[in-house]
Structure formats: C-alpha cells, structure tokens
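This is the structure I want to talk about, given as structure tokens.
Letters A, B, C and D name the chains as they come in the text, with residue numbers starting at 1 for each one.
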Amino acid sequence: MTATTATGGGSAEPIPLRENRATPRRHWAPVVRNREVAEATWWLEVDAPEIAAASRPGQFLMIGFGVENTGAPFIPRPFSVGWRSPEGVIGLLVRAFGAGTRRLGALDPGDDVLLLGPLGSAFRPEPGRPSLCVAGGVGLAPFLFLAPEFRDRGHEVRLLYGERTGARVFDPDLIRELTRGDVEIWTEDGEAGSRGLVVEGIDLSDDPILMGCGPTPMLQALARTAFEEEIPLQVSVEEHMGCGIGTCQGCVVPAAGGGWMKACTRGPVFEARELQWEL
Amino acid sequence: MTATTATGGGSAEPIPLRENRATPRRHWAPVVRNREVAEATWWLEVDAPEIAAASRPGQFLMIGFGVENTGAPFIPRPFSVGWRSPEGVIGLLVRAFGAGTRRLGALDPGDDVLLLGPLGSAFRPEPGRPSLCVAGGVGLAPFLFLAPEFRDRGHEVRLLYGERTGARVFDPDLIRELTRGDVEIWTEDGEAGSRGLVVEGIDLSDDPILMGCGPTPMLQALARTAFEEEIPLQVSVEEHMGCGIGTCQGCVVPAAGGGWMKACTRGPVFEARELQWEL
Amino acid sequence: MGAVSQRLFGVEWQGPVLLASGTCGYGEEYSDLIPLDDLGGLVTKAVSVEPREGNPPHRISETPGGMLNSIGLENVGLEAFVREKLPWLEENLDRARVLVNVVGNSVDEYAAVVAGLDDEDGFLGYEINVSCPNVEGGTMFGTDREALGRLVERLRGETDRPIVVKLTPNVPDIGAYARVCEEAGADGLSTINTFPGMLIDVDKRRPVIGNVNGGVSGPAILPMGVYLTWQAATATDLPIIGIGGIRSAEDALQYVLAGASLVQIGTALFVDPESAVGVTEGIEKYIEERDVGDLSELVGTVDVERPARVGLGYE
Amino acid sequence: MGAVSQRLFGVEWQGPVLLASGTCGYGEEYSDLIPLDDLGGLVTKAVSVEPREGNPPHRISETPGGMLNSIGLENVGLEAFVREKLPWLEENLDRARVLVNVVGNSVDEYAAVVAGLDDEDGFLGYEINVSCPNVEGGTMFGTDREALGRLVERLRGETDRPIVVKLTPNVPDIGAYARVCEEAGADGLSTINTFPGMLIDVDKRRPVIGNVNGGVSGPAILPMGVYLTWQAATATDLPIIGIGGIRSAEDALQYVLAGASLVQIGTALFVDPESAVGVTEGIEKYIEERDVGDLSELVGTVDVERPARVGLGYE
C-alpha cells in the first residue's frame, strides 16, 4: 500500500491501471460547498484530506449517509473523484438521476457524508503520447481531476466534452480553471460549443491514446474507433455497486474472454480490450 | 363542520370534547422557526393558517414528510397543537424520543412538513370553575394553547408544569408570554421551580376541574385524586397512531366498560371516567 | 372511458387504484380528504360474522421503510356493517367500486358473511382474506392449499358476485395457491397481504406489539409484492390486484407490468392521503407520454427475456 | 473472557457479531477497514464444488430500506477456495471464527464440498445455504422438508464439525423446518436468508435485475427476521444465528432477545463497514448499563406474556 503524493510535478512514469493502489479509508466528511452548476447538476465539495491525497484520476468514492439513515439512498453510491485541492478538498460532479443524486444535490455546507475511498483502478497516461479524453455528461468528472494531474506530470491532455443540451453544460470557465487547460464542447442542440456528438470532435492526427467516460453509445463509438484504428483506449465503466471493495460481486461487467470482472476493483477503468463489447 | 374562530374573546359557552369538529385538512406547511428551548426539546413553528384557525386546545396534528421519504419517520407522528398566532402560525413543542422527533428537531426554516389536522377531541372548560391544568414534560404542549384560549373566553386557568430535571424545563418567561398567565413549575431534581412531583402542587381549594397530559404515572395520580375527590378530570392520552382519522384502528385505549376506543377520534382528550385505568 | 379504465369482473373500472382493506375503514373518513368516487374503488375493513374486539395496544409501530400492525381484525361484525356502513357506501359511491373484505375462522364463518351480504346493495363483490387462523385446520387458510380450495369452492356456491382471493406472501410457491383459487372458481386474486413480523422493545425486553407479532406493510415489501404478483400472474389467467408498498405511479406500474390489472394502496394513505390520487394521475401521464393506448395493454408486459442493463456506460 | 463471549458449537466466541455470507467475500477486503479478528467471526461467500460464473448484471439494486441482489452464487469453487482463500483466513484470523457457506444443486454436491473441506485448517464449521434450487427435487432444499432432512443427515455423516443450517424465510412455518434440521443432526440454525423480490424498470419495461428476481436484504426485512428467529428459537433447542437488516446494537439485541446467540451483519456493511464494530460495542454497553451479567443471559428472554405498552400517558 502506497499513497501517491497529492500533486507531484513533472515525473513521466506510467501509472498502471491497478498498481500501487492505496488502502481505502472510511470516514465522515463535511460538505464545504455545493452549487448547482448546470441543469440538475451540482459541484459538490467535501473536505477529506486523507482520501484526497491517496486518490488518482479515474478512481471513485462510495458516498453514503450512514446506517441510521434508511431513506434513499441507503446503499452508498459511486462517484468519480472529480478534483482535489492541495488542502484536501474533493470536488464531485453530481447529476440528478434518482433519489440519491437528488439528495446529494440538496446537501448544504456543514452536512456530513460517509465516504469510502479511494477505490478502483485509475487512468494511465502513455509517455510521449497525448491523452485524448472524451467525456459524455457527468463522465466529465474523472477528467477534471485527470487533466491537471497528468499535465503536472508532463503529459499532454486534450479534453472533449459533450452534453445533450446547452443547459446541461458545466461552466467552461470553471472547467478551464479546474483543469488548467482548454476544453472543446459539443452539444446535440448546438446551444453551447459545436453542434453534434462529442465523438465527432475526435482528431487522431497527433497519435493520441483515447480515454473515455460517458453514456454507453459514446463508449461504443470510442471502442469502434479504437479497434479500427488500433489505438489504445481506456474506459471508465458504470455498474450498480454494493460494497465498492470487491466483496459483494454486485458490480460485474462482461470480460473479453467470457465471464465477469468487478467494476469496483478491476475497474472502473479498463483497457477496452479487456471488456466484452456489443458493437 | 364548523371551524372555530381563531381567537375569540369572552364567550363562556362550553366546548364539548367531540362536538363541532372541523374536517381535517392535509397540506404541506413551511417551517417558520425552530429553536432548541430546553434539553433535546424544540419549539417548532409552522405556517398553516387554515389548520390553525380550525384547531381547538387538545387537538393534534399528524406530521410527516410525504411518500417520497422512506426514512424514519415514515409514518406521520402525532403532536398536540401547542399554540397558534392570529396570523396562522402553529407552535409545536417537540421532545426528542426517537428518530422522528430528532428529525423534527433538526428542521430548518423553509423546510416543509406534511400536516394533517386538526384531529381529535378537545379539552372543555366547565363554566364557573377554574381549569387546573397539570402538565408533565411535553404534556405541556396542549396547555400552552389552551390557557390563552380559555382565558379569552373568560375561564380561569391554572397551570402546573413538571419535569424530571431543570435542564428540561421550557423557558418560564416564554410560557408566560404564550399563555398570557402564570405557571407553577416543579422539577424532581429541584433545579427549577419547586422540588418534587408536579401533582404535589395540586390545590383543590377553589373547586377546580382537572385537566392532565403527561407520563402515565402522573395521569394515574391525577385519576386517583379525581376519583377520590369526585372532581371532573379530562386527560389527553397517547398511543401509536397510523392514520390519525379513525380508519386504521391502530390507536386504541381501553374503555371503562371493556373494549377499546380510538385515541385519534374519540380522544385524545377523554373524560377520565370513560377510560379503563390501572391504578 | 379514459385510458386508465378497464372492464374487469363484469363491470367498468374508471381507474386502477383502490384503497386497501384495513387502511381506509369503510370509506367515510377519507371522503373528507380525497375525491373517493373518482378512484377505482376501495376495499372495506375485514368483516366477520360476529363483531371482533381486536388486539391490545400497541397495535402498530414503524419499521424501517414500513410499519407493523396487529389490529386483530377489529370490526363491527356483519350485522352492524349492513346496518351502519353499507348505506354510506351505497349513497356516496357511484363510480368507485367496493369490495368487501371477508374473514372467518372456519369455512362456515366465511360463508355466513357472504350469504348475509349477498342480497344487499352498495358493493360489487368480495375480497377473501385468507390470512386468518383456520380454527378447524390449525393453520391459516392462506398457507394450506386444500383448506383454501375448499373455502373458495364453498363461497363460489354462495354467490354470483366476483370473488377475489387475497393471498398470503409467506409461502414458497404462490403460483400453486393461485391455481388452487382459479380451479375452485375464484374470479380474481389480490397479491399480497402483509408479512409476519415482530419488533422487540429492548429496554423493556417485551414485544412492542400487544399481540406479540403482526404484519409488515409499506415500501419495505414492495419488491416482494412485485415478485409474488408476477409469479401469480404467470401461474393463472385470473385478473390480479397488486398490493404492497405502493406510494407512487412508478411503484404501481411495476405491479401492472408484472401482471396486475388493478392496484391497492394501504400504508401510503397514512403518510399522505393524496397519494392515491397522485398514483392515478401518474399512471395516466405515463400512458399518455408513451402513447401506449390504454392501461390494459400494459398489464403483464414486463419483458423478462431481457434485463434492463444494456452496455457498459452511463444509462 | 468478556460479557459478550460465549461457548457455542464447542468453542469460545469472543463476541456475537459475524459478517454475513456474500457480503464480506473471504474476509481479506474488510481486514483493511476494520479489525476483523476482534469480531465474533465471518461466514464466507458460498462455496460450491465447481466454480460458478454467476448472473448477468444488474446484480443489485436498491429497494426501499434495503437492497435486492442476485449474484448467482458466483464463487471460485471448492478447489480454488482451498488453495487461494482458506490460507489467508488461517493466517489472519486467530480469534474470529470462520464458517464456510456451502451450496449445491444436489445432496451430492453439498456433500462433496463438505468432504473436500473437512480436513483443511482455517475454519470452524459449515453454514449450509439451502436457498438453492434442488435440481433433483425441483424445489429448493429450503422449502421442502423432506429434502432438507435428507440433506442435513447426509452432511452429518460427512463431518464432525459444526453444521449450521441457514433457513429460507418464505415458508409458512419456519419452526417445522427448524425441527427437521434438529432431528437430522444439525448443530445450529441461521435465520434468515433473503426474501424473493423483483424490481421492474418501468421505462424499459424490463426487470432491473439481470436474473429477473433476486433476494431482498437490509433493514426492510428486520421485523420479519426477528419474528422468524423467535419462531425458530421456540421450536428447537439449537443455538441460533440471527440475520436480517441488522445495523445497530438495538437491532441485534432484538434478535438476541428473540432467541439468537449470535448475529450476522450483511447489507449494513456496505453502508458502513464500521457498523459491525459499532454493534459489538453497543451490545457491550447495553449489558454493562443494565448489569445483566453476560450476553447468554439475554438470549431468548423476550417476555411475550406482557407487551411493551403500559398505561395511557407518555412513556
């Protein structure tokens, strides 16, 4: 067990998907700030220095409300670490989906949440090649964290971000501030950025590797591109989770060779070739 | 169905326990204010003008959080109307008992609660005789409402209020303000008012009728006194409630002649002689 | 005739939502709070041949996501029901349908209630509550297939009105009980009644409920109710009334897709009397938005060949 | 030896709290989060004679006050369990006791697991999960008394280690199943496993769970678990492990007062891994504050002759 340093500079070592992961920690953390940043979407900041320091881009937290609470969400919900400050504040990008996400959206500063993390595998840059990060909706979250971390280590990062509508787009200025870089935005209704699907923005001319997080059709389009063009692709997948640490076997996704893999411990970030795709 | 006027002056008509009750209303009401007024005890004010106008001293409300909420309390909980302002704010005296009362204590202004009320029977003054109100703990609540109402109608009211400890005593100045009259306080630890049980303060020299609300031993002591001295006694009883309106038959208390009576519709205020006592 | 109306048990139902037995009394109290006659209908509190006093308190208590009750089938008895309760129902409910919930400790007791009611006005048919101890057989009618078959056959002989049998959930194979009812001549099934449960006051070291144990209802039992409804629906062709933990249109639609033509709302009424209205409206909206045609086209259409999960990403 | 330790199944148990089968894997993952060896023990994920792949996703989903799961008993199989999992348990758990949860589709499959494990180190005994389809009999072992009796008898012949049978809740009379186990030579009972349940995605009109239905666990089933534990406890003299919805010392004490000597925590572990520690501490505090002596003096002492309700006023 080795905790990575919070924000290191310049080192170009590869970070393997599943190596050197920190032991997860469980603790209550206070909400520092919570803002509605787009339609039914919140930027939630919690103060959790230990977990922040140990987190790597692509890893996630289980967020719950403790055993005294039996209202929804009762079972903790997984959220990508969306950012960390040097002081140990973790930023989470939360979009209303059901009761649990709505409850997270309604949190006020001072409220406490129960965290378990950091959990799962992380994205890994390939030295010398740009990481082309393709985000759909709240699939943006891991890349908000990834971009500054990779850049600090000397890796080039390009960020494409798509939403169905302009109203759902997370403030581009805030994205630039958090990621310390640029973002290219696509919306289906054309109300922000370019009109179209985010995958239309993929440009392979600088020999990037692909990283993706978002809705299934987007991941499928990425996989088709990656397999056709023979480019490495890492994707963060989603599945319902119980424990988050590999004991319940609730969160499986199909493995390329048949059988299942746990999204919480082998994932959530997989090499696309490890997975069984329906393309 | 006749709603009583909010605060009338001077009329000396008797108010029968169960007559002329208003049809209950169900609606969401915002919390106006919530203060911790004694150890684990809150004075909760909600804005509910229609229910306030229709309420009579001794009646209660069912307070819940709606069907989207499945955490405790899921089933609404009964609380006595503890006061009403001319503008329609209802005051409730809430003491932490379990999850539901703690949740009520944690409410902030602007939060909404689902109210059903007014429900049940009311205390009835006897013209020409003082009402000697004996309250134990949060059994004070109905009398905070009763005292000014009865006084406005020209009835004399004396209020005795007991608590186990001084730390639990609801601010005497606030009691005087709300009831527009005096209060005699008893505590078992002697930290506030007189040391002893509240029933020790009972003085029958002015030929009062008795009214009681509080813990079982206190009600039993009152009943013994009432039966021995042949004084009328009205008590507000407690039982777990489901519907609050008489349909579930969940809230029964034993009837003097055998069988059961519903605390929510025949009660919560009963003539002591209607009930089966274990004395 | 709207998108939520259906023809069932020989009559028109204007909507799919009924108030569940034991949670709405005999209708009168809720008529002050909600437009009762706009609902699908209601099921009365259980009626037994003799009045019943019921159980000592506490009769109810909250459980996580639900409640526990043991009322003990307190009711006014057949005679007072006919004299005092039916007239109100007849007078006040025109379009909403009424089922009378019937209980007894023996086949004869059940039959006496049905025979005693059959010529009266003000109700459509019977919901037979078989979660009662069978004094003759030592078990419950609801957990003994032979006793259940005999009971339903006997009642079939007493009436031409619809007989809906309300099944007990604590059996390993509810489909077998459903088939017994179908073969014995029942017209429909209600699934499900409450689950046996118990709470203990750890300070006093005594049961919270006066009768020691009771029945668990409310959202806590929703997934069990949906499953048992699906099992019963796939085992018989009888129309089914889905019950258990319903508090929203989405909950009700799960029962409909599992195979229920009608649904009942119980515990949620206590939490919010208007939930019954909200469920009806929500179902109408669902049908409208999805251009389904009408409610009956949804009944039992859950596609169990394909799970909801598709793909690897966000849904 | 503290107030919460007991002698059961021939050994000392330092505390009453175990982690439930299927919710703690084979122990390793939780050892990072809680002091596993300070607990009463744990029950492994089910072990079958051959590895099992398990069911397609979604395998779990939240239900009101609980969750629904259908993992499909995915496990590494007997051989890999002995090779890869048992050594960790042997090495890392000194005082905490280990029960191996055993499944099979036939009596022979169960027997093969027990026979294959019996000479190994690292565990105390078996918890027999009878909520499996009985391929030979067409039902589940847990809902067929004859099949259950045959199974337990056969396993009794295979081992001298403790055999604890984990009972299924969806039977009308769990006491009868408890007695069958006792007569067939079981050493203890675990009550209860999950309730069959189903959720439907009303947008997609498909079951949420890949396997269509699953098992409901969590606080939602607490009152059912307490009741069934009390029923089993009054039907036999076997020591009982209480399971179902436990998340606090108060919950656990309800099981203890109902008749359980030990308890298991499952779903609550997901909500907070430390709940297992909190439950143990809370029980210790309860015993201390009430001057009870020790835990075993509490087991089964609920006074069902007197309900908790006394009087007419505030409690």
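Heads up, the rule we're going with is that a residue touches a chain if its C-beta (ideal position, glycine included) is under 8 Å from a C-beta of that chain, and two chains touch if they have at least 3 such contacts.
Remember, it's a predicted structure, so these values are computed and weren't measured experimentally.
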Steps needed, at fewest, to go from subunit C to subunit D via touching chains: 1
Please indicate which chain is farthest from subunit D, where distance is taken between mean Cα coordinates of the chains. B
Subunit A and subunit C have mean C-alpha positions lying a whole-number Å distance apart equal to 46
Report the inter-chain centroid distance for subunit B and subunit C in whole angstrom, where each centroid is the mean of the CA atoms. 36
Multi-chain contact sites of subunit A, meaning residues that touch two or more partners: 68, 70, 72, 239, 253
Among the residues of subunit D, which ones contact at least 2 other chains? 56-58, 64-66, 218-219, 309
Taking chains as nodes and touches as edges, what kind of graph is this: line, ring, star, complete or other? complete
Quick one: which bits of subunit D touch subunit B in the complex? Just the residue numbers, please. 64-65, 309-315
Can you list the residues on subunit D that touch subunit C in the complex? 56-58, 63-66, 68, 139-140, 143, 168-173, 195-202, 204-213, 216, 218-224, 226-228, 230, 245, 250, 253-254, 257-258, 286, 298, 301-304, 306-309
Given the complex with subunit A, which residues does subunit D contribute to the contact? 22-25, 29-30, 32-33, 45, 53-54, 56-62, 64-67, 69, 71, 74, 218-219, 247-248, 267-275, 278
For the subunit A and subunit C complex, residues of the former touching the latter: 70, 136-139, 213-220, 235, 237-239, 253, 275, 277-278
Going by the contact rule at the top, pick out the subunit B residues touching subunit C in the complex. 23-24, 26, 64, 66-68, 70, 72-76, 100, 114, 116, 239-254, 259-260
